[in-house]
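Right after this note come the structures.
Two complexes follow with chain A in common, the first pairing it with chain B and the second with chain C.
Our next item is the complex of A and B:
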């Protein structure tokens, strides 16, 4: 399915991508129109959610759903925070280190882990996320225990401290563009075709010469590195981390964003994050209703839009194409 | 020392009984419908609230409140199967994701109705049984006894009734079972309904011991997960073995090391079992 879709969209990629880019640029500039600090904050949260979910999407492209994604976000966050606060290293070192450590851990556990497929992979990643939280709580000297680490220094780029929300927004936006560009390159390159082949039919992919285990592991490492990268930025923006920050709930929220946006679509994470992340920020007073809305959206999307919101435009154009 | 071990074993068996009640429903739903139900713990919570309503607001005696809870839970489970899970029958992964959404909906609906604060449950019995040096609070003994009776009744249902046989046939092979006249449109809702009813009755039994709040479903769900992974998804004998094992491991580790160590040990065990033997201790191997 996904291979057919990507083959079909490759020739028309110029026009449709241009339209998407214009829409994305318009949405990205909303905070400046309002000039409100709060909107910049929401913009930052959308960017962070979209980035982390992009990592989850790469793993989903090889047909695996990870419930340990929050743990990798946490690994990146803790790596950067510890390097910056304990060793006095600058954020520009902590950020890539966060991505690197998350990727390295993914590489080490990926091989045995990815032998499991479907619900079994989901279950083991679920257990791993819990294990990460419990182990971190067990070492308060490193993690700050249940009270966490507060007062994490702000993002600093070569001497420039990003103290204003609008500055952080520009930075996260740039990072999101970079991550999305990376996803675009992977998707339209040879690697993307290998991913799609493994997702669609692992046995067939293996027998026609694609090393499925290595391909899946590579996707897991890339996706988890993106998670670690996001975690580092998140920690220095919010200024507080604790093992509880990176629990089951965060992993689930990434899954919801991914599924709502579209599990296999390039724009899925972005669409999902734009659609869902502002919700809690605007519904501060009615948190319970927000979760119920999330749950209902999730089930409704699974039922009626299995391709997610990003697949909606594709479904519509196909309908139009059939009619003409 | 030996006294401490004996006391830990008794506590472990009580814990194991609770875990088994959670795990059987969970593994039954997976065996019959191939659904990994992340909302299973919320039915434990709903059961606790239903029992609370029965005892505190309606003034029913405890056993009657439990019966009402079971009936309501079976109905609710059947409804959930019909309106949430049925469209995802052919798709395990989507069904599981849908259950994540269902869990959020149920938990936060309870939050809206009952508020976040834990509510106390009127205690049924007080005092302790003494066996030499060993101490068993009567409330726990009652829970254990009721749990064993319910599990035995459920075992009897599964082994010796027509419907129970049909459910077991579905766990073994869907297609063959339906060829032999097992009606899926009845058995699916029934399977899920009975499964969540077991979780609900566990919640009702535990309510006098641990109190009731919208957030109490998380831990039992985790335990059910662990038991079912250790025992093998879909295997009821595996769940029985793993539940008692888990109860004992937890109780002994927390007596002799610490409670948080017990959690880490069990999760590490889960990871190892999944890696070495994904089908669990007594599960069937599958592709």
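Our next item is the complex of A and C:
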């Protein structure tokens, strides 16, 4: 028995992972079945939301909840847009630069910030997101002020301009796969083991040799870089950014996606984004009820699915097990 | 005397409250030493100062000939001084095996690259870690619970798992904070026997904070008694047992048979 278990040291792709992959591939191909531009747009928004939320998930894996995530998406967006429009650099430079700047800022502020835990960290990041918005409004020469920057050039990969929605969709889908693969690698390696240790019992993690401060800062840098990466793509797809785009509401919506999908599950951000991102697009006619619907979903998930939608299958198996 | 740990004039003040004042003692290599004292005597504070969880107001901690005062806990454990906690002794959401593996990481660390992308170094570290886990699990008698989630274990087993995590970091000195608290008499006896086996098999020195007098008197070669943050006695179990100050402060009428 123990010999059989210890053979499983190298992480393998289990049957359930395979099922998830097939389901994900099916959902991903929906826009092609319809052939409708609108569905491609929704698909792009789902990918972007899932990517940004993946960054937030990495931070959640070490037990911290950031309400400044939209600000890091904004940092990436502004970095890329400014490099492309002011310096005439190509998007393929702006995109990694966006991730790099967001990660660097996270590294610098992470050390003092992550001394705070729980609700205090949530509060300081809330203030930080507001600070980002106000600073950007204060320097209209850089940020375009409250009128923002319009006419951001489209995504261009080595001379190929992604003018069609379907092309952008393929690109964001590929980026999402890459980000999800990164999360998978983190989770199944030693790093994920350290992250989980810090999340579950920071004092014990520290006392058994994991430098908790450095580990949390690393997660914060990785998560924020992913946010910046997403922001750059978002800016060049939508074509318009302003400080208000990256306000508190966007941060909250990422938190809602994460909690709904499953805070600690690998597939949480994706499941949450698939479930929640299309909602406002389809609820255009009932705009005033949108926030009520979000609220109800969040309460229902917290009450009945504390592990999120991604934890649903596990919860069902356990129920079945209890009955038999 | 061949001491592995020297505590010299250790003090900790929280504002106006002196949690620990000028405490000095030595722990001899290969011994099981105990720290006892009534609630609030400063025993856990003493542990927290030694392991770097709290920083001392004054005083010095020397481990294995090198000063470790002011080092963060993850560096203290790297030097070979591990500890367990009174409550919250485990990683509650992970399996027993995973819990111990997280302690074993310390001796099989990986860089960022090989942690993410695997390779020979990662496989080797992983295998060495797992081998170490199996050994520790056998030693504390948790092998049959290897795949159980730590939070669902019986309380006694959780306590033992706490010790196992510390053991997996391969310490030369193991600090145990009330390992027998909440155990029933049979479990306490069993635990005492396990500790003696561990000491022998893992070549350990053990320093233990405990309220359970029978266990302490039976296990320990040397006992330090704290009261109101001060050391009031220090010696072999018989000496401490008969010390007038100790009887007054701690053992009280209960012990006068």
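Operating definition for what follows: the second predicted complex is superposed on the first by the 307 of 324 C-alpha atoms of A that agree within 3 Å, B and C clash if a C-alpha of one lies under 4 Å from a C-alpha of the other, contacts with A are read in each partner's own complex, and residues count from 1 in each chain.
Here is the rule we go by: contacts are C-beta pairs under 8 Å (C-beta built on N, C-alpha and C of every residue); 3 or more make two chains touch, one makes a residue touch a chain.
Not measured: the values here are computed from a predicted model.
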{"item": "Chain A as common anchor, with chain B and chain C clashing or fitting", "value": "fit"}
{"item": "Chain B versus chain C as contact partner of A:212, first or second or both or neither", "value": "second"}
{"item": "From chain A, separation angle of chain B and chain C (C-alpha centres, steps of 10 degrees)", "value": "80"}
{"item": "Which of chain B and chain C A:122 touches, first, second, both or neither", "value": "first"}
{"item": "Partner chain(s) touched by A:191 [first = chain B, second = chain C, both, neither]", "value": "second"}
{"item": "Of chain B and chain C, the chain that contacts the larger number of chain A residues", "value": "B"}
{"item": "Which of chain B and chain C A:306 touches, first, second, both or neither", "value": "first"}
{"item": "Partner chain in contact with A:201 - chain B first, chain C second, else both or neither", "value": "second"}
{"item": "Shortest span in Å between Cα atoms of chain B and of chain C, once chain A is used as the common reference", "value": "11"}
{"item": "On chain A, the residue positions that both chain B and chain C contact, one per complex", "value": "none"}
{"item": "Chain A residues within the chain B interface of the complex", "value": "65, 112-113, 115-116, 118-120, 122-124, 126-128, 130-131, 134-135, 137-138, 252, 255-256, 259, 287-289, 291-292, 294-299, 302-303, 306"}
{"item": "Contact set on chain C toward chain A in their complex", "value": "51, 53, 72-74, 77-78, 82-83, 85, 88-94, 97-98, 101-103, 105-106, 109-110, 112, 115-118, 122-123, 125-127, 130, 134, 143, 146-147, 165-166, 168-169"}
{"item": "Contact set on chain A toward chain C in their complex", "value": "2, 5-6, 9-10, 182, 185-186, 189-191, 193-194, 196-197, 200-201, 203-212"}
{"item": "Residues of chain B that touch chain A when the two form their complex", "value": "36, 84, 87-88, 92-94, 96-98, 100-105, 107-109, 111-112, 222, 225-226, 229, 233, 260-261, 263-264, 267-268, 270-271, 274-275, 278"}
